[in-house]
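Structures given as structure tokens follow.
Here come two complexes built around chain A, the first alongside chain B, the second alongside chain C.
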Partner chain A sequence: MRPYLYIAKVRMLSALAYRFDVLSSIVIQCLAVIASCFFWIAAYGNQQAALGVTRDQMLTYTVMSSTLACLLTMNVENRIAASVQKGSVALDLLKPVNIFGIYLWEDIGSVAIAFLQNAVPLLLIGALFIVAPVPASAAHFLLFILSAAFSYMINWLIAALFGMWSFRIVRIFPLLCMKGHMIRLLSGSVIPLWFFPQWLQTVLSFLPFRYIYQLPLSVYIGILSPRETAAQMGIQFIWILLLGCLFFEIKKGVTRHLLVQGG
Partner chain B sequence: MLKTIRYYAGMGIYYIKLSLLGWMEYPMNLAAWLGTNLLQFLVGFATIKFVVQEFGALNGWTYSQIAFLYGLAMLSHAFSIILFIQTWHIGGIMLAGELDRFLLRPMNVLFQFLFMDFNLIGLTDLLPGVIIFIYGCMQVRFSWTLYSTLAIMAVLFGATLIRGALFMATGSIAFWTKSNSDFSGINLNIMDRTTMYPLTMYPRIIQMIFTFVLPFGFISFFPASAFLGMDNGFSFPSWIIWFTPVVGIAVFTLSCLLFCAGLRKYDSAGS
Partner chain C sequence: MPLIKVNDLVKEYTVIKKGKGLKGALKSLLHKEKEILRAVNHISFSIQHGEIVGYIGPNGAGKSTTVKMLSGILSPTSGEILIDGLSPQKDRKRVVQNLGVVFGQRSQLNWDLRLGESFELLKRIYRIDDRQYQENLAMMDAILEIHKFIHTPVRQLSLGQRMRGDLAAAMLHSPQVLFLDEPTIGLDVDGKQAIRKFVKEINRLKQTTVILTTHDLGDIQELCSRLIIISEGTIVEDGSLSDLIDRIAPYRILHVELYEEAELPIHPLAEKIRQDGTAAVYRFDKKKVTAAQLIEDLSCFCKMKDFRLEEARIEDIIRAAYHKKEKLEGV
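Showing the complex of A and B:
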């Protein structure tokens, strides 16, 4: 465990070193969340509720979605791509720790920093200018934390699975962009899925994406019944297991047939 | 004088040919970007389609009118990506010593810089842009006359320059900071938010900023309002359309002056 904690710490320190990047990411996130909230305010107009969700719940959803988004920022995909391209993956494999363990703990280190650097300012801005993003109740909040932790695992596994394509494809950047847009569209992070047509919602309930954003956020604003919450979090957990199995299977394959160009 | 123009035009075409050939080397990369961009617009479009249709209207703009606004904004976005992407990385170009090479050549540096990269990937933005714009035009039954065609072209010309001016101005900051700071994220984000939806959904003070300080309202919101005869609490006269190219030329000239001022101050990154 010690080496992994050290990796997380190094990641935190290096994240702090790039002041401009940090500042610009904070500014972008704050502007984006304020703009999204104005969009929803304009959309609701004089309506108090739409599809069973009140305006304030929707605004809370939006602020929390952005907060969750900065905590769910993954580097594992780019990390794999970069180390395969540079060839440093060979060195990583030689280290006496698990290579994907390194990547995971680097990302966990980033979450700690992202929480202080990005999530706190976002929540403050949201509370000051838009609406105080309070959870439906303390119990809802605790369930949200648990569900968000599950989301993190699902999101990380998907990112890692996509990242492993770089063992096969050289230019992986467009593929990663595509994955990002797909998650944005299908997870309910930008628009909650209840606005989608019924058939699309049915299709999406068989995919893991909605369990990344929509589920924890719905729990937070308290629009799910206890039964629905339990059932959906159960499915969320099953997705972690499924993706985890897939991940270990593929990992075995790619690291065995690793071909480093140059390096 | 004529000889100089001929020389520059010839070189410009040659530069474009070179970058086209460069991009053609990697057809799969291009295909991947096309897929990515189509998906990105799908995200933006789904927002309009599902949300605005659910609520009926957004600040008095119906779904079809917003589709027109969105399409108009997409087109100038695509043109600015094709023409001005190199301005995102002035800092990087400088630090890599590329700029020193430009300075040594017997040609205007600004010209070389503007023509150094004709970004074919931008075409993958253009395709979805064209599709959405045509769809939007059909939705609002846009009447294509000689006047309206010319007006649309003038708007696209001006809007592309306004976007380019912002990229160029923020990129030129690198001359003073000598750093590789990337403003493209902030720039794109702000422009997306102010051009794809009606500006009137923001408070009055923000509307003022995006009219007089950063004139992004001229990219799509003012012209679209005038084309569609929208009533935003006040209606725009139809000649506001012709302000877009004027504003575009003005701000782009300003950003070029900033670039040249930075260049005069520039004394190599030492690479």
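Showing the complex of A and C:
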């Protein structure tokens, strides 16, 4: 455990060192969230609710979606890609430690800092200028925390899996970019999926993306029944298991490949 | 019992043959032609505790491949490796606890951290206790003077500093065995000297066993009590540098210059190669006769104005060994 906590700590300290980056990213995020809130205000017009979601719920959803987005940033994919390109992947095997554990804890360290530096200002700005992003109830809030933690794992595993693609594909960065856009669109982070056509919603319910954003956010604003919540969080958990197994299998294959073919 | 034992080691890589030109490229899209490349071909050696061994050979000879197999990050196609009785393949985690490995071309320091933070992380990864850590760090600082840049982010270090950082990092957990793959590559004279001092000192103070690959003759002459020479995947030579010189280049050349023309005699222990007027050239086996003796003998016959001794260059000797030549020609 000790190396992992240390790396999380160092990560937090080094993130604190880049103050200017932080300031500009906060400004950009706030502008983005204000813009999309105005979009929803315009879209709702005089209507109080659309498809069973009130305007204030929708605004809360939007503010929380941006907040979640800054907590779900991670570096594991770039880490793997860089180490494949530098040709130093095999060398990671020299250390008596799990290198993916190091990457995970690095990212967790970044999340802690992003919470203080990005999420808190964003919530404050949202509360001041748009709507107080309060959860439906304390219970909803706790479930949201749990579900958001699951989201983090799903998102991290997808990123790690994409990162491992760099063993096969030389130019991985366009692919990583595409993955980012795909998640943004298909997870309900910008436009909730209930506004999508039914067939697309059906397709998307078989993919992991909606469980990254839409599920925890829906829990937060309280539009899901207890049964729906339980069922969907169950599926969310199954996605973690599925992606986790896939990750370990691929990691085993990659390690075998490295040991046989050299890195 | 030897500390490192390598028995009949073979490594084959599968490489995909690329076709030539457009036609070839299209063909290889449809059907990938594979080829087996044998990088290491039935090598065996043992290394005792505390030795410094130079593992040398031309580019592509299979040095890095061997080092990677010894460190457990590459599986042999066949053959056996034991390091302190353990196989690096079967017991990778235990073997690497006792191993320091540095690749001159690839740093293992964490690029996003300061050098000191990289060390702290390693301390936790290897579970080094505080006292041992402080001791080792102090020793590394005494040898490599790393305190000057310990607070610098690794990405900002110069090549020489980075190399010193990598070496210190490799020794923090007090490994018994250190593998250095071209540690002096690209370094300036001071940088090379620092690395050589480091190898000598850790070998003296901690009896660390070192295997190093290098193309630098200075490294070979200053450090390696033993040379293992590999060429095209096979070991062509295993012994000390002086034995190698004695065997491949046993002769020295004596150039003599006289005040006035005189016929120089034939010496029983030296061969007179030629004489042009006042200049003569002798070749002699340094084990049979010393240069001083030869000069003394010759001065009985004539007045010598000047003389010059010529020896085979280390570079030529090593090149001859690479090409599996028994004797060096010319000298």
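Assume the second predicted complex is superposed on the first by the 255 of 263 C-alpha atoms of A that agree within 3 Å, B and C clash if a C-alpha of one lies under 4 Å from a C-alpha of the other, contacts with A are read in each partner's own complex, and residues count from 1 in each chain.
We adopt the following convention: a residue touches a chain if its C-beta (ideal position, glycine included) is under 8 Å from a C-beta of that chain, and two chains touch if they have at least 3 such contacts.
Computed from a predicted model, the values in this text were never measured in an experiment.
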For A:L91, decide between first (touching chain B), second (touching chain C), both and neither. second
Any idea whether chain B or chain C touches more of chain A? B
First, second, both or neither for A:S14, with chain B first and chain C second: second
Considering only the touch criterion stated at the top, classify A:Y6 as touching first (chain B), second (chain C), both, or neither. second
Check whether A:I250 is in contact with chain B, with chain C, with both or with neither, and answer first, second, both or neither. neither
Check whether A:V22 is in contact with chain B, with chain C, with both or with neither, and answer first, second, both or neither. neither
I'd like to know which partner A:F196 touches here: chain B for first, chain C for second, both or neither. first
Chain B versus chain C as contact partner of A:L185, first or second or both or neither: first
Determine, under the contact definition given at the top, whether A:A136 touches first (chain B), second (chain C), both, or neither. neither
On chain A, the footprints of chain B and chain C overlap at residues none
Give the list of chain A residues in touch with chain B in this complex. 20-21, 24-25, 27-28, 31-32, 35, 38-39, 41-45, 47, 50-51, 171, 174-175, 177-178, 181-182, 184-185, 190-191, 195-197
What part of chain A is in contact with chain C in the complex they form? 2-3, 6-7, 10, 14, 86-88, 90-91, 93-97, 258-263
Considering only the defined contacts, which chain C positions touch chain A in the complex? 13-14, 65, 68, 71-75, 89, 92-93, 96-97, 99, 101, 103, 106-108, 112-113, 117, 120-121, 124-127
In the complex of these two chains, what residues of chain B are touching chain A? 26, 28-29, 32-33, 35-36, 39-40, 42-43, 46-47, 50-52, 54-55, 57-59, 179, 181-183, 185-186, 189-190, 193, 197-198, 201-203
